[in-house]
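The two complexes that follow have chain A in common; it is paired with chain B in the first and with chain C in the second.
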Partner chain A sequence: MSGTRPEQSKLYHRKMPATWWLKKQSYFLFMLRELSSVFIALFLVVYLVQIYQLTKGPDAYIAFTQKLSSPGWILFHVVVLLFAVYHSITWFQSSAVVLPVRLGERLVPRQTVTALHIVAWAVVSLAVLILFLALKG
Partner chain B sequence: MAAEKTTEPFWWGLFSAGGVVAAFLVPIQIIIIGFALPLGWISDGGALYRIWWVKLYIFVLIVLPLYHWAHRFYFTLNDIGLKPIGKLLAVLCYGGAIAGTIVTAWILLKV
Partner chain C sequence: MSEPTITLNVTRYRPGKDSAPTVQSYPVPYREDWVVLDALNHIKDQVDGTLSYRWSCRMGVCGSCGMMVNGVPKLTCAAFLRDYYPRPIRVEPLANFPIIRDLVIDISDFLDKLKSVKPWIIRKEEKPVTEGEYRQTPQELEAFHQFTQCINCMLCYAACPVYGLEPKFLGPAAIALGYRYNMDSRDQGKEQRAVIGNHDGIWDCTFVGECSVVCPKDVDPAAAIQRSKVDTTKNWFQSILMPWGQR
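And now, the complex of A and B:
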């Protein structure tokens, strides 16, 4: 990563319309992938607000949990889950490209590496669910 | 420019770690928090958040994907033509993640 960057004014900048990502399906999917991080962050902020209720006592926490059963919040979580799953799959696909796996001389096919990530994801998810069920009070 | 060159690997490291956490751990958490608890499949009074290693887990689960968001969102905003206000966006995105880190730590310590 050596070398110096030319001054900003000497770089050629082609003007791009703000809607360039609507022009091609692959650009649009790229934008959806990038936006998945916004939905994941929104979920985490709501989750943090839920945990914060515990500082006011278990009743406030349970009341907040029940509030999330309204159709609006269920829809919110459906959208957030779809984006989160899209993030997971695209992340595993790019991990297979960024971190290729070798077995001796042979390179493990990308699809296999992605599939192994998905299996690991299922195992981790099940472990989290079992831990939650064991610890909930 | 000089500052950007030295701090970028640091932010990229947090972005990458947050991407891994989000990919493996967030979907199941959405299913538990967004569906299983509100719809009554599982009942919980929140006692588990008083266990120290659960706090540590939740801290990692919330904070690292915030840095992942900051990095992705910053570059997305640049990509849709907001590069002229890039410095401000960097402060808002990465600053937002840092503020989120502090608030998360404070709440988890208070619970």
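And now, the complex of A and C:
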């Protein structure tokens, strides 16, 4: 089939500006979601370095953790935590889209699936925190 | 008392004359029951017959009248002036597509992509008509029904930044329609739609999700793409772990 196509030289091609993601709230939130993985990766690097200090003995480990308690590092961890929470919530929202849940003939609403994921996440986080405090105490 | 008016700022581009699109303002009568398409038709009929745009059914079925209305992809037959009045309305051609003239875009790329996913039922062997239809249960129909609602209006392509940045991307509607036939219990042509699982298919999608937000038919192409990713990954693992189990 030789369909009629417009003459290429007469078409006007618009270019997407580099700031396209600032033009709409949903695009901006998408970029934040993507950016969150960078902060989580940075945190993991710091965490690996912290674990590595264990191999150098207790003094090195304590010196490193003391360094992490400086205001700059605390701010870094707060920012990472906020991004991690945002990333996790968007992950659960995405999961509800990707994996539809059925109860018999009925489709469970996406909001319910997301909410159940978040509740399960909160319960597991709490359990880990309690375990941590118990072991520490 | 003079009749209330609303201003439409419309993109104009005359190929061969203009080097870039310009904006032309048209004051049109404001009527509560008018949609943007009515206002464009008023301009075309009463003010400026040179304005070009596509439209047909005026009832959200044909998918021809998609344009950017204040920067959002919309069917102009469903975008009421009253939702914008008294502020002016910016009407532009659908984003991410080349402009042919004024508000008319070149849809060839979309049509090529649509054809590439073979959006029809493929049988390994057609049975004779005398043997009757291919039957399906309501549950089997429900697995893909919402994806049959696509009217090829291309609003999802205009909303998709991935398509804007990477024109090779197969795009939301074409993938959703390919998925629709892959999920159809009567279809046996999944292997012939391998283009969906290619790099320029589902794997280009970063799940921005705007395609599903702007869809006037609630089709949810984002879900089709993400579910296709899961299916393709499962099939890949199966083919690696159980190469003898290929159906």
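In this text, the second predicted complex is superposed on the first by the 115 of 137 C-alpha atoms of A that agree within 3 Å, B and C clash if a C-alpha of one lies under 4 Å from a C-alpha of the other, contacts with A are read in each partner's own complex, and residues count from 1 in each chain.
The rule is short, and it goes like this: contacts are C-beta pairs under 8 Å (C-beta built on N, C-alpha and C of every residue); 3 or more make two chains touch, one makes a residue touch a chain.
Remember, predicted model here, so these are calculated numbers, not experimental data.
Once the two complexes are laid over each other on the shared chain, residue contacts for A:K23 go to chain C alone; chain B is not touched. Set against each other, chain B and chain C touch different numbers of residues in chain A, with B touching more.
Once the two complexes are overlaid on the shared chain, A:L99 sits against chain C while remaining clear of chain B. Once chain A of one complex is fitted onto chain A of the other, the partner contacts of A:V124 are limited to chain B, with no touch recorded for chain C.
In the superposition on chain A, A:E34 makes contact with both chain B and chain C.
Touch criterion met: A:Y12 reaches chain C, while chain B stays clear of it.
Touched by chain B in one complex and by chain C in the other are residues 5, 16, 20-21, 34 of chain A. Chain A contributes residues 3, 5-7, 10-14, 16, 20-21, 23-24, 26-27, 30, 34, 94, 97-100, 105 to its touches with chain C in the complex. Within the complex formed with chain B, the residues of chain A that make contact are 5, 8, 16-21, 31, 34-35, 37-38, 40-41, 43-45, 47-48, 50-55, 58, 61-62, 65-69, 73-74, 76-77, 80-81, 84-85, 87-88, 91-92, 120-121, 124-125, 128-129, 132-133, 135-137. Looking at the complex, you find that chain B touches chain A at residues 1, 5, 19-20, 22-35, 37-40, 42-49, 51, 54, 58, 61-62, 65-66, 68-69, 72-73, 75-76, 79-81, 100, 103-104, 107-108, 110-111. For chain C in complex with chain A, the touching residues are 13, 15-16, 18, 20-21, 71, 95-96, 98-100, 106, 108, 111, 139, 161, 164-165, 206-210, 213, 220, 222-223, 226-227, 229-230.
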